[in-house]
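These notes concern the structure reproduced below.
As written, the chains take the letters A, B, C and D, and residue 1 is the first residue of each chain.
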Amino acid sequence: MITRTTNLIVRYAETDAQGVVHHSNYLVWFEEARSDFLRQQGLAYSDLEASGFFVVVTEVAVTFRAPAFYEDRIAIETTLVKARGRLLEFGYRIHNAMGNLLVEGRTRHLVLGGDRRPVSLPEPVLEKLLTTRH
Amino acid sequence: MITRTTNLIVRYAETDAQGVVHHSNYLVWFEEARSDFLRQQGLAYSDLEASGFFVVVTEVAVTFRAPAFYEDRIAIETTLVKARGRLLEFGYRIHNAMGNLLVEGRTRHLVLGGDRRPVSLPEPVLEKLLTTRH
Amino acid sequence: MITRTTNLIVRYAETDAQGVVHHSNYLVWFEEARSDFLRQQGLAYSDLEASGFFVVVTEVAVTFRAPAFYEDRIAIETTLVKARGRLLEFGYRIHNAMGNLLVEGRTRHLVLGGDRRPVSLPEPVLEKLLTTRH
Amino acid sequence: MITRTTNLIVRYAETDAQGVVHHSNYLVWFEEARSDFLRQQGLAYSDLEASGFFVVVTEVAVTFRAPAFYEDRIAIETTLVKARGRLLEFGYRIHNAMGNLLVEGRTRHLVLGGDRRPVSLPEPVLEKLLTTRH
């Protein structure tokens, strides 16, 4: 299983009146981490959509262990757990700069074609997705 | 000039770590107030897009006078300031339930056709937009 | 188990480039539905925070069955599944105006006191939360 | 006048059903660019808030010239236009990787103290803000 790391700094707009990152933003970060995972694998999701493939989210599960704060430096470890035909599954672990585990999550996805019906990703795309690079 | 009022309740996700509504949300509320203005005039922006017209934002100006808080009951007065050919302009005044003026703003818009080039709104649409109803 | 319904209209800002509601917004809607559930039970979460109680999200799980679109009229059924001491659990079912089930979800919460340590909700609050009203 | 550049990649969640970045996100980007401007000047806005200073937005004006798309590489040039006592003013110019000017804007700010009344920034902070570094 391949794991890639994405780094970001918490934006002020991502906080809420409890003084911490609003929990909905972790789904946005998971998505950005997936995009970055693909880019690190030599793929761009924008190219996928341009060639008529749409990856939609079918399930998410998140456990919130500790809060993140404005300007925290965040590391998201993204693991491709499954890539079989029309199904993708990713796992995520989010730490802050002190190494505290803040959030763990998992997302499941379905690949759709231009007609918005389920379809398998093309072989060359799957291959890129699953190749360990250095 | 026609003015319509839209009411909403502040969502927790709209607040930030200063304990108040994050300023970017006022643009979201202006947009929602425009949508509601159109619905009150008997139009739906979703129908406009479905028939190949896209209204894009070209300019915004906002003055922030006082903060809004979670669960505040907000009233947005939206005025259609200009609707001439391919140009639209709206003005907004936002009050809380105590009648305090929180925010004033203005947005300018351009109408695009299916080819994403500027185009005038059809006469029947402009007429509906400009008719005072009871 | 008490169930309350919250209605809303999809905002343009809640859509994404796939033309549908971005999945992170369902967490915002769940939260707004919880706030509305409390208001319908005669409580206001803003009052709870003002008296030193903070309810934080510890877990979410969401299944996405069908997309929502701009200007769709959405109904969120919120059920209080558990309210025991310092733990709360809510379930959600989201339908559009055609009656299609779009999304199902569940959120778990922990109640914190002013010192941000787990604490039970006061009896009168729990009572209000659990009383069927007409 | 000091100008600093901040780079970012467009997130999918920042797009809307027109297939472009939703205009409200430019206020979020301006804010992130201000945070980054301060960090590049050796300041952190989180430290400012921790020491009892709050910078609030009093005015924004934005002109939208061309759209940004998912995965576009964005450069935000932020200029500190004014820093006098309790008032701050920033200007912004946003380009994509092809060098196209997408958006121009300006924000005005007021500095508040712990009691939420206007107050001047301390001299050492103003000095850091106004010092050209290499």
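Following the convention adopted for this analysis, a residue touches a chain if its C-beta (ideal position, glycine included) is under 8 Å from a C-beta of that chain, and two chains touch if they have at least 3 such contacts.
Please read these numbers as outputs of a predicted model, since none were measured by experiment.
These two copies of the sequence, chain A and chain C, are related by a rotation of 180 degrees on CA atoms, to the nearest 5. The greatest centre-to-centre gap from chain C, using C-alpha centroids, is found for D.
Across A-B and B-C, the chain pair carrying more C-beta contacts is B-C.
Each chain gets a centre from the mean of its Cα atoms; for chain A and chain C, those two points are 24 Å apart. Work out the mean CA point of chain B and of chain C, and you get 27 Å between them. Centre-to-centre separation between chain A and chain B, using Cα means, comes to 33 Å. Among the residues of chain C, those in touch with two or more other chains are 12-13, 17, 24, 27-28, 31, 49, 69-70. By the touch criterion given at the top, residues 12-13, 15-17, 19-20, 22, 24, 69-70 of chain D touch chain C in their complex.
Across the interface of their complex, chain D is touched by residues 17-18, 23-25, 27-28, 31, 49, 54, 56-64, 67 of chain B.
Chain contact summary for the complex, chain D toward chain A: residues 9, 11-13, 27-28, 31-32, 35, 44-46, 49, 69-71.
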